[in-house]
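One chain, chain A, appears in both complexes that follow, with chain B as partner in the first and chain C in the second.
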Partner chain A sequence: MEPATLSPDNTGSLRPEPPGGHIPGEAGVWILLFGEMTFFALLFGSFLLYRTSDIAGFTASQAHLSKAVGLTNTLLLLTSSLFVAKAVGAASRGDTGSAPRLFRFGLACAIGFIALKGFEYYELLERGIVVNSHVFFSFYFGLTVLHLGHVVIGSVLLGAMSVATGKLLTKPSHIALIESGGCFWHMVDLLWIIIFALLYLVE
Partner chain B sequence: MASLLRDRLFLVWALLVAVTLLSSQIGGTSGVAWIGSPAAVTVAVLSIAFAKVWMVMFTYMDVRGAPLVLRVLVTAWIALVLCGLLAVYFGALG
Partner chain C sequence: MDKSFHASTRSQRFLVWLTIVLAVVFAISYVGLMRFFPPPPASLSAEEVAPLYSEHNIRFRIGVIFGLISGGFLVPITIVISLQMARLEKGVPIWAILQALTGVVGTVFVWLPVLVWGVASFTAERAPELTLLIHEFGWLLFITPLSLFPMQLLGIIVVAFTKDEPDGHSAFPRWMGYLTAWQLVQSFGGPIAVLFKTGIFSWAGLLPFWAPFALFSAWLAAICYTVLRALRHQQQLAATGG
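Up next, the complex of A and B:
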């Protein structure tokens, strides 16, 4: 049997484009993404529900957070998402030169996010603010630690994809895997977009 | 520069950054004086956040090129969660 070989189609992509449009990544990944996003959405709803019973306490607690730190982290993740989207595009064109580099740029932003989050935790703990200081901070630490876990998993994926795209781009299934990894990273980004709005900006 | 202006992903990033800076200005206690009421601030920052989520999913995740069913599912999920969160904020469950 002939091994599968790839040549770009007329859009420059190594992955054939079905007529009705193609599902980014593996179809199964979307079950994981919707599951994760819905789980987080329920936590977001719980946060707002608790907030309705102690608006003054939540507002006073929110004042301890630095909006500038949250904003910088949002910009870091948005920028990493741009690099990752470009990396996935490069990988789907079989560009084994640009894709690894773009994934590494995305990873650098992710590491910046993790470092800044660590700094923010340190600052809060220094001031004696812990998980049971107020229910706001139970949600703050719960949501952000859970999200940070996803950032760490995503960072490992970005590192792995930067290595893989330099070598293994020979089958459509490889591209689908890279797209899936990219989608996971964008989910990490979009969850933070909502967390930033809820914890730092909602009044 | 000209090539950047033709780069859809870059333009989306620039738009996302611009609306992030805007929502950061609107949000928090400083925004209440500017925009009016806390409720208006919340509606604005959550609407902007979910518009950003839609942009990330349609452009970066490339949902725009996906089959109609996924485009509808994604848009419906975003609308449903935004409406749900606003309903909770306005005390619909309390």
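Up next, the complex of A and C:
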């Protein structure tokens, strides 16, 4: 096993490699990530449980959602995740030029996601579809509003990280924090993919 | 580190224990006397809500008395957390001030609902619709106000990630920063309860009640533990003149 070092390793990272392998971010952030994912898993489980009692009603309600809008939002988040992954890599190599730019590209996708979600809500409300139209829509609004809150928090983090990575990060703990922020964004992306599958695709 | 922020570690430990004792009293009155655990469903009609207060009326009102006495249980720990934050901040401890003020004002939303439920139980024989109104007011007051709590948590997160103190000696190890960040992210479920009367998004459901309840209990226990551990360390430092 290689000793911990602050010089760039073969991946070009400035972060010392702890013995036993590299945990993305740091151990602590997984309290947040696993915690949030467990919590969402309970919500998804409740959705499937409610769905079994009224599959016809859920399918009929689902037809009101636009798969194209959902898919566009999925692509936006996947693209932003790619930018963020590249940005975190750039930040850990000490590339103060491209890291902030890549974070801003990721943020632009996130803003696109938020705008499209707003459009989708507006469209549904125009057609008179609200939270109590059907249990399906209770879940639709509940899950997507909650997820949207995560997107907003994540966007604030992306903005903060684009500012922070404009300067060279020298402390390993700062790079760990950037990696943790990136992991949070990937989690937001992952949760959306499951929400997209459950609300728009399951038949 | 600014020495002027050092307060008696003994007083701080006393305040942490005051929080723990009051929280236990609050839990007993809330769970055992008011019997609001699990919460009554948000979909109850006026005729279903009235008996919550008229049956066992005296037991309920004794619960209200103890709830009113202990409802400020978050204030002592809030102050100690801010003192511990101020030790670690450079210059004017702005995050400690934010944490203290939002924590103290935020405690109103723990304490005041008890008084509102007290009003509901005070004249239990009134028209059921009136009791329903005050009952719903109390519950929405308890579950949905959010604005201050995330600000309070934000200060703790910032200090946990920027401090210059080894994790083992600090009241805010990095994992506490992440646990608090989780609590912040999670807390946004509360206001959603305004939209729902049934299911997991209603005030008696998984999202606004059970998840925040479980996480908040764990978070409070964790921060009491890390603060007491940090105070023990500071006491040793003071004893050895370090």
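Throughout what follows, the second predicted complex is superposed on the first by the 192 of 203 C-alpha atoms of A that agree within 3 Å, B and C clash if a C-alpha of one lies under 4 Å from a C-alpha of the other, contacts with A are read in each partner's own complex, and residues count from 1 in each chain.
FYI, a contact is a pair of C-beta atoms (placed from the backbone, for glycine too) under 8 Å apart; a residue touches a chain by one contact, two chains touch by 3 or more.
Predicted model, so just to flag it, every value in this text is computed and none were measured.
J.: Please indicate which partner A:Met37 is in contact with in the superposed arrangement: first for chain B, second for chain C, both, or neither.
T.: After superposition on chain A, A:Met37 lies in contact with chain B alone.
J.: Let me test your reading of the model: by the given contact rule, A:Ile193 touches which partner, first (chain B), second (chain C), both or neither?
T.: first
J.: Based on the superposed arrangement, let me know which partner A:Leu177 touches: chain B (first), chain C (second), both, or neither?
T.: Only chain C is touched by A:Leu177; chain B is not.
J.: Looking only at chain A, is it chain B or chain C that touches more of its residues?
T.: Tallying touched residues of chain A, the top partner is B.
J.: So in the superposed three-chain picture, is A:Pro24 touching just chain B, just chain C, both, or none of them (first/second/both/neither)?
T.: A:Pro24: touches chain B, not chain C.
J.: Considering only the touch criterion stated at the top, classify A:Ser162 as touching first (chain B), second (chain C), both, or neither.
T.: So A:Ser162 meets neither chain B nor chain C here.
J.: Which partner does A:Val131 contact after superposing on A: first (chain B), second (chain C), both, neither?
T.: In the superposed model, A:Val131 contacts chain C only, not chain B.
J.: Looking at the overlay, does A:Thr144 come into contact with chain B only (first), chain C only (second), both, or neither?
T.: A:Thr144: touches no partner chain.
J.: Show me the chain A residues, by the header's touch rule, that chain B contacts in one structure and chain C contacts in the other.
T.: On chain A, the overlap between the chain B and chain C contacts is residues 30.
J.: Once bound in the complex, which stretches of chain A touch chain C?
T.: Its residues touching chain C are 26-32, 35-36, 39, 42-43, 46, 50, 131-132, 135, 138-139, 141-142, 145-146, 149-150, 153, 173, 177, 180.
J.: In their shared complex, at which residues does chain B touch chain A?
T.: 9-10, 12-13, 16-17, 20-21, 23-24, 26-29, 31-32, 38-39, 41-42, 45-46, 48-50, 52-53, 56-57, 59-63, 65-68, 70, 73, 77, 81, 84-85, 88-89, 91, 93-94
J.: Please give the residue numbers of chain C that touch chain A in the complex, ascending.
T.: On the chain C side, the touching residues are 161, 173-175, 177-179, 181-182, 184-186, 188-189, 192, 195-201, 206-207, 211, 215.
J.: Show which residues of chain A lie in contact with chain B when the two form their complex.
T.: It is residues 17, 20-24, 30, 34, 37-38, 41, 44-45, 48-49, 51-53, 59, 62-63, 67, 71, 74-75, 78-79, 81-82, 84-86, 88-89, 179, 182-183, 186-187, 189-190, 193-194, 196-198, 200-203 of chain A that touch chain B.
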